[in-house]
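These notes concern the structure reproduced below.
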């Protein structure tokens, strides 16, 4: 057989397999996996495979409380396992390492640090928050599974602290994210942090740790505030 | 064949290709390269910063530092505050060793207003003590932290405990754990409390034990040696090209130490010799820092022995609310745990500074040097390199 | 010839104790040598080991190269900018360090504030492009040819005027953009302290300014 024949045969085979593959795709695509049209952040309408859909138009859903006894049990369990996202957003993060070591030891309260937002349910905003970090904080916060809690550390998160007139840092955190517990001070001592965890536990046990639902309820308001200061918004509205 | 596979060493000169202008040709659509963001939400990154890495396999072909996540605009804020109001603001510029900022601001304002000769002797000794304690607590984080980047976490636990002891002494001396505001223009805020030296000596004895233990733990550890030796080499030629200072320069064999070169306070009365090494890799930098730990403990003992018992601690300063400093500019520097740390201070005759510019060692270590050093290393070594250069992002972006 | 003599002088003085007088003497010699070559418009000895000279904008790359290659100022410390809005000038300060003699010199260059532009020195030291990138963002100074000049440094999506210029009001911007918490008050320290500490004392005319 000459080289030409081989080439011809190979190309025929390739064409056939490609056609098969296309047919297969068509036959086996489930209705929810079909290509769909979405609006990209720049306003254009693009077709996208749902598996690769980073531009989801989904909104956060509110979790309805369950049966009272079940909810009470769940709240007890939640309050005893506060997993904190290890994201040091400001200078307050220097007081986190002492908490992990035996002297203050937050493990005994069921508090521990996790590396990714997917594994954690509490977010410590450690101090001042520049607009550039706020963008990342929002992304990380929205990726955390609900129910989730925010602990605002230091006076900078309450009213801006000594950076009240800075062009780069926000003044009030509760305009952008729902805050469960504030810990005042600059910078707060590790004991204050432990007290803050205790307060958060009390709130959760009483069934008041519902700020994730509040975020879902007032989603438009929070988004409007966030978009007011983050000028180059190049991410989806909700990063689930 | 198996042998050749195990001994596989990629020829790193082949990729990525460079074009005629000397720039890298990285085509992400070729599926040969991956873009990976390390940080800001990453527990291993030193502080809040991000590295944008371009990878081929697990090897880095290009790295870019992204900073600004901690930007507060200090230099702008200080411009609209009185000299004394700018003081508590400015010390928050770097959280790792805040006392260095206190001294720099105090020294700059004193020098420009002509009060630098009037600072009492006792105040200078106390300033030195506070600076050395700050260096010690920084090193107690840094030396075991280097092993922590290779997942040797026990040293970090010990070091954090001992750092807490030093913070306790700071609390006793100044009333605060982290931001002390102890060194104020014209002197310091207070004398040593009763029995401070004894309690400090007890802590130093514990740290002595730790120094011996950490030597056994880190420097003879097979994993640490295998990974740290030969990683991130700084040659003496690079020191001036990149403006490398402090322990990073000393580990490369270039003896740069502001305490020796331009002695400030009473550092010329102390007996010490900055440790050096010649290899310039991560192992040598950790080794130099470990020796510096011994030296800092020794320096604190020397200071406590040589300082007078009592004395004036504050010079007679003008009313801080009407304090006007005549027009001038100066640059004051000191040796922090990370290297030369300086402040460029310009006044214009009014009651507020005209311009304040901080020169942190991380500014060059963290951007120009780290980006060049990352090329052709493994992705697992990024944290080790960052920690070994002591990158502290708040002093890059202020 | 000059270069060889300098090397000899450096070698001779290298191991001698560095006293204040010695430093000062060395700096004087340096300034003498510089004035032979260049036209220095201003010179100020700030400390025994720190001096500031002012040079023309066109001359500055020359003099910095001279300092690095012939005077041994091999360590680049800092590039900073001061906004003299009254004179309509921006002042660039290149701070260089001489590691052998342990002294520093600040080269000040005044450039036009309306259309700020300066020669890029990124080929002389490898970290200078970072400073130039920062100054481009903070003061709007253009350094032609400097790598990655247009990239964001510390801010993201900034639409106002460069943030370090004196006429950018950060307080006004913060109040306009962020949400100040109601109830926060700040007092002028002088009046507040007078009211609190000396309520009965009559307000006199402004006291001595330097007191």
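A few remarks follow.
A, B and C are the chain letters, set down in written order, and residue numbers restart from 1 in every chain.
The rule is short, and it goes like this: contacts are C-beta pairs under 8 Å (C-beta built on N, C-alpha and C of every residue); 3 or more make two chains touch, one makes a residue touch a chain.
In this text, all values refer to a predicted model and were calculated from it rather than measured experimentally.
Of the two chain pairs shown, A-B and A-C, the one joined by more C-beta contacts is A-B. Summarising the inter-chain layout, the chain whose CA centre lies farthest from the centre of chain A is C. Here the chain at the heart of the structure, going by C-alpha means, is B.
With centres taken as mean Cα positions, chain C sits 22 Å from chain B.
With centres set at the average Cα position, the gap from chain A to chain B is 32 Å. Note: centroid distance chain A to chain C, computed from Cα atoms, is 42 Å.
Counting only residues that touch two or more partner chains, chain B has 68, 71, 73, 76-77, 80. Counting partner chains per residue, chain C shows two or more touched chains at residues 154-156, 163, 168, 170-171.
The multi-chain contact residues of chain A, meaning those touching 2 or more other chains, are 132, 165-168.
Chain contact summary for the complex, chain B toward chain C: residues 67-68, 71, 73, 75-77, 79-80, 82, 85, 111, 240-243, 245, 256, 261-262, 318-319, 321-322, 324, 328-331, 333, 340, 342, 344, 346, 354-355, 357, 359, 363-364, 367-369, 372, 397.
Residues 154-160, 163, 168, 170-171, 173-175, 177-181, 184, 186 of chain C are the ones that touch chain A when the two sit in their complex. Against chain B, the residues of chain A that register as touching in their complex are 85-91, 93-95, 97-98, 100-103, 113, 115, 117, 128, 130, 132-133, 136, 140, 162-163, 165-169, 186-187, 189. Interface residues of chain C, counted against chain B in their complex, comprise 18, 46-47, 49-50, 52, 74-78, 80-83, 93, 95, 99, 102, 104, 106, 125-127, 129-130, 152-156, 163-164, 166, 168, 170-171, 189-190, 193, 207, 209-211.
Residues of chain A that touch chain C in their complex: 131-132, 135, 158-160, 164-168, 170-172, 175, 225, 228-232.
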